[in-house]
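Below is one structure, written out as structure tokens, with a few remarks after it.
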């Protein structure tokens, strides 16, 4: 498929815009000098992926991304940033001074991964904005064939919750403990 | 749409995530980078699913699990960050070098 | 009595281990009970082994038939069995092992090296006994390997805990290390290095045996396969080489011997005795029991190399002895030479040579064991092993000096004492090695071996001169030394008697070994002529 | 196979109780040895009773056998198996009764008995007398085992036993290191020679197919020259062994030093036991050299000739009286060896026989003198013929016998040797032997003159030894005079024949020559040489001077230093051993500690170094290094430390990614 | 489509779940002095979980659910048994350790049991999603447990390092899984096995494969994915370290081998050499680095890296040589089982010893034998067993490993065998060094008095169980081969 052919399809224009936005946001996530900005760029990047999911008929997943990530996880992040008093202004010390090798590694990774994809999937077409996968299908799958991981993942969350609370909470000093018991 | 355009985008995000993970000093930022990588995985899964169209929408189910696990990991990670911050008054990874030799 | 036939060997092997459990129950402070238990257990094992002698069929069964056999499934998945048995070759060594162990316990009665702790020491001795006895009766390669290795740990601890605490500068280390520490770890690593390869060899045999039926670790079965030419070519070469490493380290053959002087020097008396008297034989026994019959063709290919190394060992060991200043180290190096004769005998692949090696093993066990007993008792009294400080021992302790003189004479291979036969017959064997082996190599080996006997005499006389004769040094003048005590006497007299008896009547050993060895040589190497008499040229 | 020998023996004449139980002779002294070890200290005479008792029984037994052999010839062999390998390699112990062994039994027992008795007096009040008699019994016993051996194996056992006992006895006074060294020297030289004996035994035993002497003799007689080189090599090796024990040049060096032991030891060692073993062995395997290995006989003769001639001269410069006798022994052993080597089986052994008596006599006489003057050196003696008449007269008898003056025994045996040499065509050697006779008489005259004539030069007042010492002297003087008559050429003593016939009682004939008439010219020149020696000797040393040193002037340039330093052979030997063995041993030890062990330790050190490297550099720092490698040049050295401080976790993560990438690239593009 | 749930098959998991909840609830109700009940319940529950396992084992049939994506066969049962037994020992080890340091007990046991649940799920997982979720449940709680000593900076660091590298590896693993799914459209092992064989030349499949290898390599701490291990091991509470080095590593191994063996046999041309490299590198680097350690836990960390290498050897060898993988699989499993017991024992001994010596440095353990012979004997037993010296269980592990290598044959295999042989000698050196310090050296420091240092009853029990198994397997290795035999089910299925 030639480039012009590819550009002939309007949906690809949409993709291009979304993809570039997503990429730019991702780029900013890892380069922003401001921690809060980085987090907000992640919102944008994930929002981009959500749009892409919609284009790929994964309606449900797209909304999950919006709700779970943008709604919950990002809030968590922002809390984390606030609590740890990360410098919210511009901070030059945010990155390590040695970026050459990480950059090379990441470029190499990109080249390798995309080369492999091109080798593997050449011109495979994706049905553009087709019939969205119905939530029913997903629901049946999750509580049917995938019920075990579904249940198990709940324990992952529970463990993360309980453990996270335990780890994150401030330990009372023995004196404080005595006081609390007295009350 | 080509499948590859999604895959390459995912690869790019994944690589950016790796870059971030390697250069960021703040642990929260490292976590953000990891989220990028996981998002890339999700793009992969969804893109594949839209080609494969498996009856049980395996790709999408998988990505839901990935998102869930990612959320759990963020929780764990932030808890650890808090703990460390409380002890060290810093969230920079490169100050964790007690056990060098 | 059927019961005896089936249980005898198991008892010999595991009675000491049962002793370990008993010893574990007795409190540390109750030394009498500890010693009594050990003595009883070792005596029982010895008694059973004597019983085996009496019920042994000496009528000349063909090789690869074993008596008192036990076969029980052990590790089914890999077809490894609990398979024990004795034949004429292993019988003398088994009895030697149980016998020396009794003497070692008796000697230990009032000889404890620092930091004492008889309980721990006796437990180690009993574990050692199990390993040693087991190796001589194991008829399964895996089982053999286990027993072969079991002896390592107790010896490691014996050397390491009760060993010599004087610091020593090890070349290249740049700092002083306590002899015992260096020796223990060296001994340990060396032997394990060898046995790792040995194990690989065993496994390769196991694998290859699958080509002609079920894979097996069974020594008799493998022997049959080996005799029928199942193992040949590069495969056999590598396997023999792997097993060679394992056994040669233990023997020890030059140049894999350097752990021995250190281990012997550092080890406590009883440790040295057991090491010299029994443990070194595990390696040479391995050659006779495993390498030769299972890989006969390869044995013929390796034999000249073994002979050359053996001869180097003889000459080298003796020369090194002459340069020693430490009594125990001298005796240790003498083992290198003596085991060289044993290996030379084996390398000839003839009935004479192999018989020589077996009687050589027994004789070396008795003689060098006694020498180490003596060295131990003397350094116990003098608190030094430096020969330059000793001298005039004959005057201070005439009986002990006399026994030392006797033993030294036995050790230098004086005819009429046990040490002679092994050396002399090794030389006989190497004059006419197995047909097809290079006469040039072996006859040169014979001549060099004979020269080695002269050197042996040289260092033994040197030892006597330094330790026994002359006037006692200033520092010993006027000091009271108690001569041989009753425990020492009890432990040593049987050895002396045996050395003389075997010296004048070697048939006590050959009666057991000859037929087995002859038949081994016949089946493995298709040798028509047995004693290789009348083959001049 | 043993039966074949026994059959052969049975084909000869055997006889009854004394023969069948002759093993007693071999065993008794050993029993005495053990008993003295065990009980000697508690006995009144420190076990001398046991030792003497054993040898007394032996003497009776041996005399009976000797007489039986004289009258009818006795042949017997008894063996029992001590080891058997396969079907045909058999080791046996036992005893042989034939002419040769009976002669030796007699010699060892009788001379031994006399020396033992003498020793009771000589050793009285000395240290460790019990040990002396024990070792002495072991000495005699081992010799009997040696001479009674029916095969090479037992011979080796006895041979080494003799060596061991001699080691004990030479180093008897071991408090002094010089004595210990002498013992060591004796043992080591003998041990060196034993290589020959052992290898010779192995080679011949395996080539011929048996170690049994009788069978070897038979085989030797049967396959004449069929074995070729093997027999020659084996024979040469056996001869080398014999050279050691019988102190043939150049292995004689141990014997003069062996004087360190008590004098009775020297007497026994030089007479009946030890040094005669080599000659005995040559006689025992005589057919071998007769039939199979005749090629080496000239060489053997040459060595014997050198020994008999050259070593005798050394006696001329020795001050120690025992050393004089020792050199004389070496010289006489040279005669015997030359004779046997030349084919004179009877001649050699006859000389052995006569020599045993007069040499024992001389040593005991010397011992008596030493006992009296408390010194070995002739410079401390002189004029003793007045104080010690019995010693003097017996010593003179011994001297005349040794010098070969008619009719003393030495004359007859030496004459026989000369005759044999002449008969076998070794004319030059015969001349040397006659010259040797001159030398012998020459130095013996010197010894007698310096010891018994002139004025006493020593300290104290010497007086005659007690009867227990002088009676043995007399007992030895008688055979020294008479026993030569046993083998007068052409004379067969009525009823009992002569020595040659007695000695010829063997399984196979020896094929040697025994002259049936005296060659007067030869006997006369031998005698003349001896007389000349005495006369010249007397002229030189007969006169008394102020000091012995003055009297004993022998400072001829070149010759004196040469002789005084024993032709430098000892120095050479010492130099060779000290110059090679010491450095070689030290070198070996060095190799052990620094090369072989160095490799071992080196591997250990290297492994640990590698561990440090892997851990410190690759594992803990490597990733760092790779990541920062590019920037390393730009940053100053001051910030180097800071660089290490950055991004530990990121290093780890980077290694993850890099590792994965490398592996992927490797597998996609390379493999 | 309806799916039937086989509750008996899930019973062990369910028991653990129930225990988790009970522990957590109890923890809320109990006052501090009574908190030890949480430990008791956790231990009891774990023991109870073994009951249905025994029933399942006795029954011996294969139970399969959800299109074969969750399978309880003999193999799974055995592995679950290993997980439960080792968890049991770790719980025993934890008891006193956690209690004495005022750590949060209820939560601790909850998280530990959650991790156990994860490993139980992994043992039965036969598709990528369940495997992934199981893996996450196994690891997730451990990120937190590693930092359980909150006040200790080392512990914080341990947790952080483990976490960051863990999520990185998870991301890479997921990327690989997503590619695999994209290439085949399958997530069950059976399905993957049928489809991947044709894809061997595809670079994308190589990428996917290495995504998996990195993910699992991290779990088993194979070189070069091992960097977290020493730091985390040293910093984490010792029982957690024990758990990490045994359960978590074993779970990783199971996942690794199952995926390679069952799902991707067609790609063995690619992963076999990769495993070969990992095995050789892990053995060598682990051992050499261990040589230089002075801290006993760090030494065990490197040793466990090396041991992971040894465990990979049979599989790598067999795959490289195209030999019978079932044989190799059984060897690895035998090794794993024996390793689990002796390594746990080693850690238990380290805990007990640290109380006595008040030191984690090897030098600080010098002369321990002179004050506490029994403990010193245990040190010798476990460390020599790790070194593979007969008649302690470790010998059979090494034996089985070498045996399968030899059987595989081939040049590359011989090289690997030689590397393994040399490495086992090197390993011997540092194991012996610990024993040497304990037995042969003279004490340098003060030891804690008896009253203070006496190991708790539960720790004693842990030691007893471990030493009993170590010695018994040493003498009767047939017990361990039973495990190996069970793996043949996988081969046939």
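A, B, C, D and E are the chain letters, set down in written order, and residue numbers restart from 1 in every chain.
Just so it is clear, a residue touches a chain if its C-beta (ideal position, glycine included) is under 8 Å from a C-beta of that chain, and two chains touch if they have at least 3 such contacts.
All values derive from a computational prediction rather than experimental measurement.
Asker: In this assembly, which chains make contact with chain A and also with chain E?
Answerer: B, D
Asker: Hey, how far apart are chain A and chain C in touch steps, shortest way?
Answerer: Steps on the shortest route: 2.
Asker: If you average the Cα atoms of each chain, whose average lands nearest the overall Cα average?
Answerer: The chain sitting closest to the overall C-alpha centre is C.
Asker: Based on CA centres, what chain would you say lies at the far end from chain B?
Answerer: D
Asker: State the pair of chains with the top count of C-beta pairs in contact.
Answerer: Maximum number of inter-chain contact pairs occurs for A-B.
Asker: Hey, which chain ends up farthest from chain E, C-alpha centres compared?
Answerer: D
Asker: Compute the distance, rounded to whole Å, between the mean C-alpha positions of chain B and chain D.
Answerer: Those two chain centres are 94 Å apart.
Asker: Counting only Cα atoms for the centres, state how far chain C is from chain E in Å.
Answerer: The separation of the two C-alpha centroids amounts to 42 Å.
Asker: Indicate the whole-number Å distance between the mean C-alpha point of chain A and the mean C-alpha point of chain D.
Answerer: Computed from C-alpha means, the inter-chain centre distance equals 100 Å.
Asker: Quick one: chain D and chain E, Cα centre-to-centre, how many Å?
Answerer: 74
Asker: For chain B, which residues are shared contacts with two or more other chains?
Answerer: 7, 14, 17-18, 21-23, 25, 31, 47, 51, 58, 61, 65, 69, 72-73, 76, 79-80, 83, 93-94, 96-97
Asker: Going by the touch rule set out above, which residues of chain E reach two or more other chains?
Answerer: Within chain E, the residues that touch at least two other chains are 129, 132-133, 136, 140, 144, 147, 150-151, 159-161, 164, 168, 172, 175, 179, 182, 203, 206-207, 429.
Asker: If you look at chain C, which of its residues touch at least two other chains?
Answerer: 189
Asker: Which chains touch which?
Answerer: Contact pairs between chains: A-B, A-D, A-E, B-D, B-E, C-D, C-E, D-E.
Asker: Can you name the residues of chain B that touch chain D in the complex?
Answerer: Interface residues on the chain B side: 18, 21-23, 25, 93-94, 96-97, 100-101.
Asker: Mind pulling up the chain D residues that touch chain B in the complex?
Answerer: Residue positions touching the partner: 615-616, 620, 645-650, 653-654, 657.
Asker: Within their complex, state which residues of chain E touch chain C.
Answerer: Touch list, chain E to chain C: 330, 369-370, 373, 380, 384, 389-391, 395-396, 399-400, 402-403, 405-407, 409, 417, 421, 424-425, 428-429, 432-433, 436, 439-441, 476-478, 481-482, 484-485.
Asker: Note which residues of chain D are touching chain C in the complex, please.
Answerer: Answer in residue numbers: 81-89, 91, 93, 153, 156-157, 159-161, 164, 167, 171, 174-177, 180-181, 184, 187-188, 191-192, 194-195, 198-199, 202-203, 205-210, 227, 230, 581-582, 584-589, 592-594, 596-598, 600-602, 604-605.
Asker: Which bits of chain E are touching chain A when the two form their complex?
Answerer: 1-3, 5, 17, 20, 24, 65-67, 69-70, 104, 107, 110-111, 114-115, 117-118, 121, 129-130, 132-134, 136-137, 140-141, 144-145, 147-148, 150-151, 159, 175, 179, 182-183, 202-207
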